[in-house]
Amino acid sequence: MALKYSTTNKKRKASKRGLPPESLVFTGEKMLAEPVVSLISFNEQELEEIRIGSASDLPPQIAEDKVTWLNMDGVHDITFIEAVGKNFGLHPLILEDVLDTSQRPKAEVYDDVVFFVARMLSHSETGHVISVEQVCFVLSKNFVITFQEGKQGDVFEEVRERLRRSKGKSRKSKADYLFYELLDAIVDNYFVILEKVGNELEELEDDILKNKKNAVLHELHNLKSEILLVRKSIWPLRDALTKTEREENSLISKSTRIYLRDTIDHAIQEIETIETYRDLLASLQDLYLSTLSNKMNEVMKLLTIITTIFIPLSFIAGVYGMNFKHMPELEWQYGYFLILFIMLVIGGGMLKYFRVKKWL
Amino acid sequence: MALKYSTTNKKRKASKRGLPPESLVFTGEKMLAEPVVSLISFNEQELEEIRIGSASDLPPQIAEDKVTWLNMDGVHDITFIEAVGKNFGLHPLILEDVLDTSQRPKAEVYDDVVFFVARMLSHSETGHVISVEQVCFVLSKNFVITFQEGKQGDVFEEVRERLRRSKGKSRKSKADYLFYELLDAIVDNYFVILEKVGNELEELEDDILKNKKNAVLHELHNLKSEILLVRKSIWPLRDALTKTEREENSLISKSTRIYLRDTIDHAIQEIETIETYRDLLASLQDLYLSTLSNKMNEVMKLLTIITTIFIPLSFIAGVYGMNFKHMPELEWQYGYFLILFIMLVIGGGMLKYFRVKKWL
Amino acid sequence: MALKYSTTNKKRKASKRGLPPESLVFTGEKMLAEPVVSLISFNEQELEEIRIGSASDLPPQIAEDKVTWLNMDGVHDITFIEAVGKNFGLHPLILEDVLDTSQRPKAEVYDDVVFFVARMLSHSETGHVISVEQVCFVLSKNFVITFQEGKQGDVFEEVRERLRRSKGKSRKSKADYLFYELLDAIVDNYFVILEKVGNELEELEDDILKNKKNAVLHELHNLKSEILLVRKSIWPLRDALTKTEREENSLISKSTRIYLRDTIDHAIQEIETIETYRDLLASLQDLYLSTLSNKMNEVMKLLTIITTIFIPLSFIAGVYGMNFKHMPELEWQYGYFLILFIMLVIGGGMLKYFRVKKWL
Amino acid sequence: MALKYSTTNKKRKASKRGLPPESLVFTGEKMLAEPVVSLISFNEQELEEIRIGSASDLPPQIAEDKVTWLNMDGVHDITFIEAVGKNFGLHPLILEDVLDTSQRPKAEVYDDVVFFVARMLSHSETGHVISVEQVCFVLSKNFVITFQEGKQGDVFEEVRERLRRSKGKSRKSKADYLFYELLDAIVDNYFVILEKVGNELEELEDDILKNKKNAVLHELHNLKSEILLVRKSIWPLRDALTKTEREENSLISKSTRIYLRDTIDHAIQEIETIETYRDLLASLQDLYLSTLSNKMNEVMKLLTIITTIFIPLSFIAGVYGMNFKHMPELEWQYGYFLILFIMLVIGGGMLKYFRVKKWL
Amino acid sequence: MALKYSTTNKKRKASKRGLPPESLVFTGEKMLAEPVVSLISFNEQELEEIRIGSASDLPPQIAEDKVTWLNMDGVHDITFIEAVGKNFGLHPLILEDVLDTSQRPKAEVYDDVVFFVARMLSHSETGHVISVEQVCFVLSKNFVITFQEGKQGDVFEEVRERLRRSKGKSRKSKADYLFYELLDAIVDNYFVILEKVGNELEELEDDILKNKKNAVLHELHNLKSEILLVRKSIWPLRDALTKTEREENSLISKSTRIYLRDTIDHAIQEIETIETYRDLLASLQDLYLSTLSNKMNEVMKLLTIITTIFIPLSFIAGVYGMNFKHMPELEWQYGYFLILFIMLVIGGGMLKYFRVKKWL
């Protein structure tokens, strides 16, 4: 559940309290036994892809004429992270942020480096569980580093494929274009989540309109939590993207900025969709609650009609069930039929009354 | 239903994920078998109107001294679109946006071209179905291109008529005035939708005030979705119009900007109307729910009055219906009449009590 | 009703769709058979007041050393309006706006002219009907033109009186001061409407607090619509006034601007009042609904108390009303009295229980 | 009641309509038979305090080397006010604002004068009546004029005392410091009101938590109106203070501005408190309404349990109370006891069912 | 309770009214019998820590080449505070703010000193009591002074430990870094509170989803008050931090500003968490109330089903329990069985009806 997610992270973060500000502490959940590190370096002519098993395998020097992309799955190995930091000359505060897996999406634009934090959402096949994975980017002049928590699924595979097949502009461009492509893959992936949420909304609407009782209340609550979680990921992401695009910085070329603007457009579209979902969910909730009230009204009407008709009749029957010695009506020849007729008149009158009141 | 619309588009968009950023993929629904393309070129003296059957019919050169307007209905034919793009020198990102029929209204002002995305709403004759059609505009120095999805109905016909009959300023002006006229036609068309929504609101108000039960709840929900949909189209449209009017750009002349400002005024008026409708709808919903509560209260009162009067009386009748051997009252000469009188007193007292409490 | 007003206008506006942008079409409701036009021209020494019967009576020249005020009641006579436009050199867009009686309040500051649209509200004597009349102003160097729809009632009469009697600064000042006086009359008139709305709120509060049932729900709904309507008129009016006061423009002198600031102050005060009314109305609605719930609770309690006491007792009576051959208790000498005593104990116990639970 | 206050004022204001803009009309309620006017003039060495009985007693000249403070209680005497205006050279618009006792707090910074309008709140000893008194300030180089409506109670007495006893910085400073001290006295006085409102909130919370029924609904409504009234006074006051502090003006020295900033801080703190109260009140209202629903649920459960157990049993008793000739069970030796046993089983089963459902 | 806290402080503050602006009055609650004052002065080489018993023990001179940190627990001893003020050259307004323990978090950046007010929250072990302690900071070139109210618990101990052990950058840096470390300790401590609040939310969610009845309503109300309290502390803290970081000031070095930015990031993250909690709490409240409505509906249905089935049957039994002489059915051989059968049919029909209506 969304709620659980958000508190779990605070818990871990709280455990860091009391340490000096820059201490490297992993605050997430360990996903993989070992971090999986791959290094791709390419230019228009060639592409080299290697797997890095340990910190010592890291390349001592980064080729100036190539774009180098280091991807790290699993960020719990502090020594490894520190080695990467030393190798690529990263600031300790960046490493600290990489290890803290409950960052909110943000962009920090330094002189020689852009540091970017985003969230990758994935929707589990069954049930309403959106899992969140933090992805950190470091963009420098000729390299990009990405740090993932190492959960299952990876939206970067398509970018990798494109590089390998030398498709599109990817191979001809600089590190900033690769950086854009990776961000774009993450932002585009939100559409998949939004589609799933949209489907759930549609199903819920059907359930409510057709009066099915599939735990509508819990469903509403779950959808609300989900939408909250997606919003929380996507709003700051937009801000971070805008900041990256606007900030004066020589790392990102003017032509890449145009592409980034496209990504921002997508993010805005996603935000609008999620806000529409929120409104629709609120409308559905109103609808559901009003439906409940409506049904209640109907139930109450039935109860009232039945009670109001039969209680007076029962009272009359009760009166003539009394055992008084002297009850003249009881002796009458047609007393019984007279009383039945009176009862009929009363009952009929009641029905008439309800029809006039439009209750029937 | 509005809800369905919004999710359908995300679904298609999501299917594009994994492709390189600029790939041309059609993400909408195919409306026409073939795209219908017409080309009008005119100046004050003459007007030529031709139908373009295939990509090869596109004019190799655009007349410098005329205004050329290419209108394309149906944007699923990617090769055709690409040919148009090549012919008029459009940027690949523009073509990508044209093919993606779930864009939000926006304006992009380049050096040599203004790209504008708007939505055309139309209200089906029966029921509450607002259908949405995306329209993309490309304005250059001497031509305007419009791309429509190809749904039924077209608000541009009136502009075409004006051009043919040489009415108004249309024929004497440049491409920017044509561009304004087309935008104005779209914005003015929203008033028709708003009028229909307003009528539905009025009917709903009548239904609620006169206590008719025409599925008020579903109606409320539908109207909410409709208003949400119109808002979603009209708010970004205003922003896009304002951006177009403000941005320093030589394509749009100062005099046309004054007309654009008028269009913006209309858009603002529409926004205000839609916001008023939202407030009125909320007020109607409150009214309806309170009416429900009120009725419930009345029903409960009736139930309580009847029950409270007759249950004690029935109890008394029950007591004297018991079969004990020794029940002295039963032997009394006027026991029966005494009891009837006591019942009358109790019942009358109850009625009195309810009258004092103002329940009757 | 407010709701009806707002949709009616859209309807007429929608009918204009399809015409070229500047066509003059009257979109309002015809109020007078003939437009009533009066022309006052004055300076400190003299004042001349003439009635203009037809377009040909319009003065060919406007005196340079006098202030001329043309007031037109009824804007459905398009030829007349066009003649006025030609006579005073007005831009066609201004005439178009004058004829469209569903404009939102706005100010447009041109080089030689200020065009201002405001709304005059009036409250009918009986019932909750606020009627809206659009007033357009054209301010030039030495004349002011006002266009009214021609509904009954006119807040300008007092200004006219002041001019005639040479009271205040009016006669000594230029056209801009007259313009300010007319705007001030309109803004001050809102206080009258606000007072009436305030009185209705007070009455409604009384009705709710004293539990009177004068169709509270419909009253709440009507007041909400009224407040919505007043807000819709007053918010853009404030913006228009501010724009007029701020915009660099030689038509309005510095000293008149100080007076305009006073008018803006009044408008802000009115806005604050209307917002307070909105909050109070929301609070009243909460109060009313809670009162309903509360009453419901009381009704339910009474029902429950009566039922809970008598149903078990009736059951006991029912048991001893059974006709079994062998029911030993029936034969007992004091069986009847014993049972009556048991019933008394049960009933008393129930009452005790309810007293402990604080239901009685 | 707050509501009444706000409308009363509009009523009087509306009565002013139709008069020329600058006419001096008193729009408030007359509090005192005669205005009470006192004049204090002081410097570090000496302090003179005189009572001014009529307009003719006003000092013809204001000492240049002293600070003069004229305080006027009661602003209904227009001739007196006009005399003061002439004596101290005040602008007619200032006098008009002084006479209009429904101004919203505001600051107007002219070249030679600062005009400030504030509201003094006081809480009556009994009940929830917050009374509002408008106080106007005029600050010039060497004098301060304060106009009060003349209601009971005066937060300025402490300032006067300080001046008399030569305490603090007061006697050594200029008119601007006196102006600050007076404003500070008004702002600090809000804390007293807030404390009272806070106490009422606490009492209300107690009442709701402990289920006391002291007209909670009306109390909620009253508190809401009170909070609305305080907000309406305090928000614009903060804006006016900030404007006074920021505006470039030689009347207020840099050192006094530092003190004013402190006053602004207090105003912000008060705003925050009042907003917190609003949130708490909303939370209390939710709590109360939910408590009602909860109780309703309990009542309904009891009703349902009793009814559901006894109605079937009564039915059985009714069946065996029928007078058919041939009812074999009635003849059985142990029929009665069997039926009693069956009833016991049914009743017990029902109780079991309710226990399983956790209703008991 | 949060509510109580906030009003208590206003009460004390109100008691200060009537005193001259700069008078030193303690407005808090006395926590310690005696203030506990410690003084740590250090540079990279050495660290000296002394306990200061009385005002006379204060060091006459502050070492220029060391960082001096004076921490004072308990701020009720006005003479002591005044001595500190004189010793370190603090402005009287700072001392006044230190003594007023109901300040909202703020930063005031003077030329030679930064004055900062923050709040330290701590969560009691049992129950929902968040206690608030105000902490004031004074940062000058070579000293930091901290004033605490003296409640139990102190988040500064870890900083002290770090200084003693010469860990991290602490000992090598200037006073501004110490100032940052102390602020960071406070901000990080909020994560602990947020974690506890998050746990309570989770428990509440469990209680509601699993239908446990642990005074959910009061819990909701308490959590709302808690969240309100935390928000009220954390929002202005962020503003104060941002102001400190941005304001041009030579006291805080550029490198320390980078660290402050990190602290601001944490504060933003905490704000986001608290806002998410607010939304979740609102969703939980909706869920709870809807659950109540739902249960009510079920209860009502059961009641209606039982009543609707048995009341008509009881009526029939009542009819044949009447004692009329001539009731032919009573004489029939199988009258009893016929009636039983009719009752069965009616009861079965009712059940069928409820099944069709999906109530069963």
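By letter and in written order, the chains are A, B, C, D and E; residue numbering begins at 1 in each of them.
Simple rule for what comes next: a contact is a pair of C-beta atoms (placed from the backbone, for glycine too) under 8 Å apart; a residue touches a chain by one contact, two chains touch by 3 or more.
Computed from a predicted model, the values in this text were never measured in an experiment.
When the partners of subunit B are compared with those of subunit C, no chain appears in both lists. The centroid of the Cα atoms in subunit C and the matching centroid in subunit E are 42 Å apart.
In whole angstrom, the spacing between the mean C-alpha positions of subunit D and subunit E is 26. Within subunit A, the positions touching two or more other chains are listed as 293, 296, 300, 303, 307, 311, 314, 318, 321-323, 327.
The cyclic arrangement of chains, read from subunit A in the direction of subunit B, is A, B, C, D, E.
Contacts from subunit D toward subunit C in the complex involve residues 1, 3-4, 6-7, 10-11, 13-14, 16-23, 93, 102-104, 106, 211, 217-218, 220-221, 224-225, 228, 232, 236, 285, 288-289, 292-293, 295-296, 299-300, 302-303, 306-307, 310-311, 313-314, 317-318, 320-323, 327, 329-336, 339-340, 343.
Residues 158, 162, 167-170, 181, 184-185, 188-189, 191-192, 194-195, 198-199, 201-202, 205, 209, 258-259, 262, 265, 268-269, 272-273, 276, 279-280, 283-284, 286-287, 290-291, 293-294, 296-297, 300-301, 303-304, 307-308, 311-312, 314-315, 318-319, 321-327, 358-359 of subunit B touch subunit C in their complex.
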